[in-house]
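Below, subunit A partners subunit B and then partners subunit C, in two separate complexes.
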Partner chain A sequence: MSRITSFLRARPWAWSFIAAAAVWLATVAYTGGQGAGEILTAALSFATFAIIVGLGQMMVISTGPGNVDLSIPATITLSGVVAMKVMDTDSSRMLIGIVAALACALAVGVFNFVLIRLLRIPPIIATLSSSFLVLSTAISYGRGIRIKPPPPLADFATARIAGIPIAAVFVLLITVLIAFALRRTFYGRSVLAVGQNERAAWLAGISVDRTRFITYVLSALLSGVCGIVLSGFSGGAALNMGEDFLLSSIAVVVIGGTSVAGGRASVPGIWGAALFMFLLVTMLNTFGASAGLRFMLTGLIIITVIVLAGGEKESR
Partner chain B sequence: MITRSLIRKALPFLSLAIVLLATFIVQPRTMSYFGLNLMMQYAVPIALATIAQMFVITVNDLDLSIGPFVGLVGCISATLLLDNPALGILALLALMACYGAVGALIHLRNLPSIVVTLGLSFVWLGIAVLILPSPGGKAPEWLKAMMAFKMPIVPLPIIAALVIGIVVHLALMQSSYGVVARGAGGNAKAMARAGWSMLNIKVIMYALAGFFGVLSGLSLLGLTTSADAHVADRYTLFSIAGVILGGGEFIGGRVSPLGAVVGALTLALAGSFLIFLKISPDWQIGAQGAILIIVLALRAAVSFGEARS
Partner chain C sequence: MSETTIRLDGVGKSFGAVRALNSVTLDIAPGECLGLVGHNGAGKSTLMHILAGTLTPSSGTLDVGDRQGIRCVFQELSLCSNLTVAENTRIAHRNLKGWGWRKRASDMIRAKLDEIFPGHGIDSDAEVASLPIGQRQMAEIARAFTVTDQPLRLVILDEPTSSLDAVTARQLLDYVKAETARGTSIILISHLLGEILAASNRVVVMKDGQIVANRPVAQFSRDSLVAAMGSEVHKHASAARTTATSGDVVLQAKPFGGAQEMLAHRGEILGLAGLAGHGQTRMLLQIFSGTDADVKGKLAFIAGDRQSDGVFNLWSIGENITVRSLAALRKSGLIDLAAEQRLAADWKGRMAIRTPDVNNNILTLSGGNQQKALFARALASDASIILMDDPMRGVDFGTKQEVYAMIRAEAEKGRTFIWYTTEFDELTHCDRAIVFRNRAISAVLGRDELSEENVLRASFAENAA
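This part shows the complex of A and B:
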């Protein structure tokens, strides 16, 4: 027993997988084993999007207390709208569309950093205000009819091999890259160092500004990727397509075991938490819960998980 | 003697004055009792929600659930409070107690407030939707009458918002317990070592946030006269922005109640101003973001000089 607890303590992300598995088992038990595989496939497809933006949010939150990116939903919307409009259902224009969408996302990331660093606006307010501007840009640019994604993009976003969505494999690749960056690269180590103690990191010769700059740009780029794939998945961009990701991007990071105080990131936890969040909704739907009950139970379960997983250890 | 710290303190008021002046210039007809009353209609609920948020920010936490909470209070008041006042009051008191309990939970388990209140926002929304699946209900008559009350000379919303700001300002900035509470945000360890119970402080500050959240919900219902679970979803972000615009900081117990109210009014007024400017509706939110950025950039410029001189 004590071995189990010490295993869990060293791996805060394990909780999210345990929670996801428990919720899945409860669902499957209720249906009598029916649709067990389909539920997992659907969860993987939908969790993919929360995972992409969750990874970016995780990096931002890891750079220290107060750092959070609230512009993710607006960036998703903007890049989705730009991608669809530039591609204009034409498969041969896909590459230009992707480049244009990512360029917009990049610009948002740079703008966020400028607000935070040069104007010294707290990140929450800086990314919030920039998200207002970005959303307005998306609304005014994306006016009018819904444009369908070009077929190759739609195929990429929705195709499955043996029940495993291709998009999920693609996101797994991104995840591995980020995990590698965090553990093995100078940039990744800098993120954690800055998050643990900004001043100590600075004294050790790390450029705090450069680390934060890369991080905010990375988060914006990942939101851009999410926007493109999501528009492919749901048959076009919509002005409210990013809405859900404000809360879910933060929730998957924290439920996944990343420290809100910064300096400790948990990459696998993002997967566990994203799967957990989706499976939870599936379970409540299967049980036939009404919308209100679903909201309420989702909230209560999020709180329960965070209480069980425990908070930050007392620092110093 | 004009010091930088004075400019810094005056900045929220100056911003409000500038936005107000600009509104008057663009649309002179607003410079009347009726015009001001109309523009400032929602000042009271927004100011109250901002004050609620401010209490939580004072102890270095953040409340992401205040918007749905205000919506829930509206739903309860438009149904339960209307049909059975005693039970309704009991329910509202229970909600405040919940807030206090959440403060205790966050402190005892040392939890990140962002996540707990994020989860809480779903709980409030869920209960509200269970009570009122679709918009409806009716505001109690006394509540409508109170919000529609016409003051002589100056419209009620302005007076009420200012009174709220001043009362809370006196309580938090001048009383000895206010100093303790802000000290808890400045250096929790020092306050704990000085013998103050951090648990008590957190519970009281969260319960106060709940209290002002309830007031916000009631006053909003008095204006809208029927309830909707989603009516106040934007209040969460508005209230945070209001506190910061008003000169508050996220950490260190540096807050200003009067500033917070003024900050909230500025944001609310900015919305009307942009409508008068006839900016395309596409750019309404964007312009609000731009106003936030400009005011905060000004403050940064002032504070930067403050640090150097």
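This part shows the complex of A and C:
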């Protein structure tokens, strides 16, 4: 028993997987084993998008208290709209569309950092207000009817091999890269150092500004990737396509065991938490819960998981 | 106007293994102004906290009678900044209650301010936060002298003039004379020896938690006070180094508050001395950030304030040691984890950090051992100039000796150390010392001029009163 608790203490992300598994088992038990595999496949497909932006949000939150990126939904929408419009359903224009969308995302990231660093606006306000600008841009640029994604993009976003979505494999690759960066690169270590103690990091020769700059740009770029793949997945861009990700990008970070105070990132937890969030809604739907009850239970269950996973004391 | 004397007999105070106060015996007569001097850490504040009742002595007896008549004005101002001056006065006087207490409090504090600081210009209904620091200090002093039902017996003034200009400081000293004439005892703590000599009847000198002199003021002069506060520096056998100040100049920097530049040479151990808070840490940070400083070489910083400037709480001991060297540990862009482990293990051994495993969290170490990890962080790095911000806090005696030896060995190899210290003994390990006062250089002392007396004289060089 004590070995189990010490295992869990060292791996705060394990809770999110335990919760996801429990919710899945409850659903499967209710349906008598029917659709167990399909539920998992669907969960992987939908969780993919929360994972991409969750990774970016995790890096931002890890750079220290007060750091958060609220412009993720707007950036998803802008890059989705730009990608669809530039590609214009033409497969040969796919690459240029991706480049254009990512360039827009990059610009948003740089703009966020400028607001935060040069104008000294708190990140929560800076990214929220920049998201209004970004969303307005997306609305005025994307005016008109829905444009379908080019077939290769749609295929990439929806195809499955043995029940496993290709997009999920692609996101797994991104996840591994980020986990590797945190451990083996100077930038990754800098993020964790700055997040724990900004002043000590500076005195240890780490550039706080450079670290935060890269991080906000990285978060925006991952939002851009999410916008492109999501457009391919859902048959085009929509102006409300980013809406769900304001809460879920933060929720997967917190449920996944990343320290909200900064300095400790939990990469696997993003996966467990994103799967848990989707499976939870599936379970409540399966049980036939009404919308009101569903929201209430979702809130309560998320609180429970956070309390369980956050059992250890923060030193700050 | 009680006639009882306040009496301390063999009062001592220990914090863990640290003896802050060592058997102090002291009488304070009614109507006496007692001047109290001594350098930082001599035990003055501990003694005052014991008198005020905020600390209880570990040994000895204390006879203060009724504590209600004892008031303190501590260095760190204690007024609530979100309340008005009058409301702050109410906090000190429980019986200011019922309808119209605000008006009565306001009248009382205004009358006292008028009495002590004529022409003070303070609105007693102004929020404290809106007052400049000097007026805040005046309000705090005036509040300490207000009387409702309890007679005033003893007022402790700890550096009361630190934010006052020459005129208001003079007004305060005059008032101290008037108040003692009415039978109130006053303890005046000040680093301005002129004030002490002008206002006190008797002067007590403290050093290392003990009273080393206790005589009527007439028997002291400025020089004899300075001499009583310090002691001759003991010469160290290992200290004979002559080449240190002849190397290339690796650092040139201009302090914030003065025109005189400081220089440091290759292989030199340069001490920054003076009273705490006179710009030494600021100087180090200024050098680190490269403002008004010409630095030839890479820098590393050893924090004295571990929690805010040094330790990464979530990381292991090893990660805390290697963080300054991560850039150098890269092989084709990636951190070499095996080399990182080796570096951490190597420095764990060299600094004798007491831990079974460098992968344990840094907070499993005692304060002194955490400090050793911070030393290891800087010494393991590629820095040629090491800045030290009074880094020996919480380090035990034996470890200190090891670290001093290591600093000396590293200096021999050509590293430069800029060492801010509040301990006189540590200056004896330096080749030269720069004494700071009011954020400017007040004296540069060579090896042979490096006595505690000279450092004190330069620290206290007179400006006011």
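Remarks
Simple rule for what comes next: the second predicted complex is superposed on the first by the 312 of 316 C-alpha atoms of A that agree within 3 Å, B and C clash if a C-alpha of one lies under 4 Å from a C-alpha of the other, contacts with A are read in each partner's own complex, and residues count from 1 in each chain.
Rule of thumb we're sticking to: contacts are C-beta pairs under 8 Å (C-beta built on N, C-alpha and C of every residue); 3 or more make two chains touch, one makes a residue touch a chain.
Just so it is clear, the structure is predicted and the values come from calculations on it, not from any experiment.
Overlay on subunit A: subunit B and subunit C fit together in the combined arrangement. Applying the stated contact rule after C-alpha superposition, one finds that A:A204 touches subunit C and leaves subunit B untouched. In the superposition on chain A, contact is made by A:A291 with subunit B only, not with subunit C. In the superposition on chain A, A:S140 makes contact with subunit B only, not with subunit C. Look at A:T158: by the touch rule set out above, it reaches neither subunit B nor subunit C.
Looking at the shared chain after the overlay, A:S130 reaches subunit B, while subunit C stays out of its contact range.
In the superposition on chain A, A:S234 contacts neither subunit B nor subunit C.
In the superposed three-chain model, the partner touching more residues of subunit A is B, compared with the other of subunit B and subunit C. When the shared chain is aligned, subunit C comes close enough to touch A:A193, but subunit B does not.
Overlay on chain A (Cα): least separation between subunit B and subunit C is 6 Å. Across the two superposed structures, the residue set of subunit A contacted by subunit B and also by subunit C is empty.
For subunit B in complex with subunit A, the touching residues are 62, 105, 109-112, 114-116, 118-131, 133, 237, 240-241, 244, 249-251, 280, 282-290, 292-293, 296-297, 300, 303-304.
Residue ranges of subunit C in contact with subunit A, taken from their complex: 288, 299-301, 303, 308-315, 323-324, 326-327, 330, 333-335, 337, 363, 377, 381. Interface residues of subunit A, counted against subunit B in their complex, comprise 65-66, 68, 115, 119-122, 124-126, 128-133, 135-137, 139-140, 143, 247, 250-251, 254-255, 260-261, 290-303, 306-307, 310-314. Those residues of subunit A that touch subunit C in the shared complex are 183-186, 189, 192-193, 196-197, 199-201, 203-206, 259, 263-264, 315-316.
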